[in-house]
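Given below, in the form of structure tokens, are the structures.
Both of the next two complexes hold chain A, though its partner changes from chain B to chain C.
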Partner chain A sequence: MPSRILMNNAFLHFLTLLLFKQKGKHIGAVLISVIIIFLLSSVLFISSSLQNTLLGTLENQSDFTLSRVQAGKAINTPSDWLDKVLEINGISKVAPRVYGRYFFTPREKSFLVVGVDLFDEQSSKELQSLVKGLDLKSFLSTDSMLVGEGVKAFLSEHYYKDSFSFKTPQGSFKKVKIQQTLPSQTNLIANDMIIMSIDLAREVFGLGEDEVTDITFNVPNDAEWDNIIGKLHLLFYDVRVVEKREIRKAYENLYNYKGGLFLILYLVAMVTFMLILYQRYSMVYSTERKEIGILRAVGWSIKDILKLKFYETAVVVLVSFVLGVALAYLYVFIWDAPLLSQIFLGGANLPNQVEFVPVLEFGLLGSIFLFYAIPFLAAVLIPAWKIAVTPPKEAML
Partner chain B sequence: MIKEFTILVSMVLLLAGFVLVHYVTHNGISSKEMLSSVTKVTKLSSPTLSVAYYEPRVLSYEEVLNPAYPQMQTMNKMDLVYAK
Partner chain C sequence: MMIRVEGINKIFNEGTPQAFEALKSIDLEVAKGETMILSGVSGSGKSTLLSLIAALDKPSSGKIVVEGELISKLPDLHASAYRAKSIGFIFQHFNLLESLSVEENVIAPLINSGFDIVSIKQMAAKSMQSAAISHKASQQVKELSGGEKQRCAIARALVHEPELIICDEPTANLDRENSLKFIEILQSLHQRGKTIIVATHDPLFETLPFVSKVVHMEDGSIV
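Right after this comes the complex of A and B.
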């Protein structure tokens, strides 16, 4: 019954007739609106998806990282620090990390080589659950590595199908077998990553047996965090301690749209668009003025005319918004945002095809809608009201 | 309401419905679990920034220095896009 009332409503019939009769007038506004909303929504979808995913993975990282510094630069950390750190009360899960970037000089590309202690039960279990069918025995018996998708594609392009020869700082070559590729779902973190045993990584980077890149540890009691940092600075003088909460802050800022250029660009684009709209509607448009004049002459009140213009604009706004947001969703979460993802993750090293996990922040979408709809409505209704308040005879002149 | 308008509204609603259905039914947990596994194994959670050799790859652990002016605050292209 209500749908029948809607179908037979004279006002609605006139409104929809008007919309389609003057479709040439609306198509331009809809197209520009869809492009602006599509771009803004795409950027926000990518940033919120990346932020959400990275903050989730950060939960599994250690609370603190300790590294030795010399002249303000991080240098290799002595592995005997591990025992000294372990002696401090309140510290748990102390582990060494060996990682670094390996430069493939001929093409000026780099890989992130990470050494993993495969004799650690938890690490080996995680690795086996991550890479299906990984034979840990054969992995450990030969010099082998697991590579990210980006590394695999790059090495295959350069005819390193089964193995790759690393050039060590001593000038010798170390041939390492490519055991398996990491799943594509891990590209966000591991696209340029090479995982190998910790001893092999030491050999590739020329690290001594008593050296590690840095040391990670946990402090389960949050209230002890500042105290522990103080103790570490008393124990070692040439040390830098990085807290997880610092990294969390860095990630929050990293993809925060407020800090980026995108919001400024969006504001510039929106203001320009609204100015164009206002200019267009406030110009002495004979057809527009005549139309309002005729409606006034046949007995329409100012309120009726504003109501008509309001609904007409509301339809344009709603259709553009839904189209813009939906297209942005398809572009980011189904087609994985080609081109735009490079702005977020860079494109100077290995190409990366990241699968974005869908995250919709409805509050944010509501804000975009308000920031877009209110200026749009104002840009149309104010000039329409100006014409409507003039006498019909003058308006039709 | 005229027929064309009804068709337009139906198409827009269909598109919005498709997006909502995809959002509700998409299983993002497996991807997140895999990423967590990588972090557990490597103890690194930094995103793969495809950066040039002189730019930092592992966030918060690597910093770039201008060799000519080591005390000058450095800026790379990622800083230009994001806040620091």
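Right after this comes the complex of A and C.
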């Protein structure tokens, strides 16, 4: 029944009629709007998805990383510091880490080698969740490694199909078997990553048995964070303690900065488009002007005209917005944003094919809508109002 | 009295060096059911007077009373309602919505009337029949001949059954045959008791038997 009432509503009938009969008039505006909304939504989808994935990864990491420094540069950390750190009240889950970049000199590329203590409960749990079906026993029984998709592709290109020989700082070679490739969903963080046992990583980097690159730990009580950092500085003097929240801020800033650049471009495009629209609707001898004059002459009030123009524009705005956002969703989350993703990931060490995890922030979409819809409505309604208030006779000329 | 015009003046671009006095102290009366011809050359002020009577514009001074209502100072909402209810205006250049069909043009004055679309279409059908344009109902206006456009404009002017029909140079863009057809429609409207004002310099109108009054205008004044 309500749909029947709507169908019989004369205003809606006339509005639909004008939209369909004058679609040529709206197609240009819809096309430009769709392109603008599509680009902006794509950029925001990419940036939100990247931030979300990276911050999600960060959630599973330790609250703090401690490393020894000399002349401001990180040097190897003695592994007996682990016990000293553990003695501080409020600290838990202390773990050693051997972690660093291995440079593949001929091509100036590097891999991120992560040595994992597979006897540590948390580390092995994280690894198991990352690589389903991994047989830890067989992984540990041989010198083997798990590699990211980028590493796998790069090594294959250089004929290292099943194994790779690392050159140690002592000049000897250490052959390591490629056990498995990490799943493509982890490409964003693990594309250039190599995971191996901590002892093997020590050998590759030439670290002594009593050395690690850094130590990670948690402080469950947030209020104690600053105290703990102070205690560590008193205990060791020559250390740098990096908080997880600093890394989090760095990630956020990186993608906000890239997204911000696009926002500026969007604003420039929007202002230009709105000026074009405004000028089009203000044209002295436009058909728009005559149409308003005719409707006024046959008894339409200024309010009726503005109501018609409002709904007409609202339909154009909504259609463009929905199309733009839907296209952006397909482009980013189904087709993995070819071209545009390289702007965000272009600085990557190895070519990366990232699968974006769908993230829809309705607050963000609402903001895009308002930033687009309000200027659009204003660009149409202000000139329409100006024409509507002139005597119909003049408008029809 | 249906229409009473008293001391109307209309000055365009008032207060500027380009000020132009289009109407000077016009007094006029039209009785209900009367058909009046406003004659005069182009620029004599006929169209301006018609647009003031139809509340399409406001006079600089003086007053216009239609069926007891002072329409010369009506605010927009009331002026629009007055046009929508009481006036059927037929323009020299037809002033139709070119992208729409005949029927869609005819229903335009009734869109905000509160009737549902089914009733509006019934009223439009009746009106198109009176104007002998029913056979072109679904045709795009831009595809019509001059005479057909004129009949579409007539159907639109009659769709809401107005008491007052105002025609501004209705035959200026028509050939003789179509002009005669238009006069026939006008005569039937007169017979239905409508009050009609026609501004024209077409001599065909001056000798029509149903015309009650011919008012000649010159240089913004009635002579």
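Definition applied: the second predicted complex is superposed on the first by the 378 of 397 C-alpha atoms of A that agree within 3 Å, B and C clash if a C-alpha of one lies under 4 Å from a C-alpha of the other, contacts with A are read in each partner's own complex, and residues count from 1 in each chain.
Keep this in mind: a residue touches a chain if its C-beta (ideal position, glycine included) is under 8 Å from a C-beta of that chain, and two chains touch if they have at least 3 such contacts.
As the structure is a computational prediction, the values presented were derived from the model and not from experiment.
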Discussion item. Both complexes share chain A, so when I overlay them there, do chain B and chain C fit or clash?
Written reply: fit
Worksheet item: With the two structures laid over each other on chain A, which partner does A:D214 touch: chain B (first), chain C (second), both, or neither?
Response: first
Item to complete: Tell me which partner A:I247 touches in the superposition: chain B (first), chain C (second), both or neither.
Response: first
Worksheet item: Touch check for A:D192: first (chain B), second (chain C), both, or neither?
Response: first
Item to complete: Could you say whether A:G324 touches chain B, chain C, both of them, or neither, answering first, second, both or neither?
Response: neither
Worksheet item: Which one hits more chain A residues, chain B or chain C?
Response: B
Discussion item. Quick check for you: in the superposed arrangement, does A:K303 touch first (chain B), second (chain C), both or neither?
Written reply: second
Worksheet item: If you stack the two complexes on chain A, which partner ends up touching A:R97: first (chain B), second (chain C), both, or neither?
Response: first
Discussion item. Going by the contact rule set out at the top, does A:P383 touch chain B (first), chain C (second), both, or neither?
Written reply: neither
Item to complete: Figure out whether A:L17 sits in contact with chain B (first) or chain C (second), or with both, or with neither.
Response: both
Item to complete: In the superposition described above, what is the shortest C-alpha distance between chain B and chain C in Å? Please give a whole number.
Response: 10
Worksheet, complete the sentence: Where chain B and chain C land on the same part of chain A: residues 7, 9, 13, 17
Worksheet item: What does chain C use to touch chain A in their complex?
Response: 51, 54, 56-58, 76-77, 80-81, 83-85, 87, 89, 91, 95-100, 104, 107-113, 115-118, 120, 156, 160
Worksheet entry | chain B partner contacts - residues on chain A that touch it in the complex | 6-7, 9, 12-13, 16-17, 19-20, 50, 53-54, 56-62, 65, 67, 72-74, 95, 97, 99, 101, 103, 108, 110, 112, 114, 116, 122-123, 126-127, 129-130, 148, 150, 182-183, 185-193, 195, 214, 216, 242, 246-247, 250-251, 253-256, 258-261, 318-319, 322-323, 325-326, 329-330, 333-334, 342-352, 354-355, 357-358, 360
Worksheet item: For chain A, which residues count as touching chain C in their complex?
Response: 7-11, 13-14, 17-18, 21-22, 287, 290-291, 293-304, 389, 391-394, 396
Worksheet item: Which residues, counting only chain B, touch chain A once they are in their complex?
Response: 1-2, 4-5, 8, 12, 15-16, 18-19, 22-23, 26, 28, 30-32, 34-53, 55, 57-62, 65, 70, 77-78, 80-84
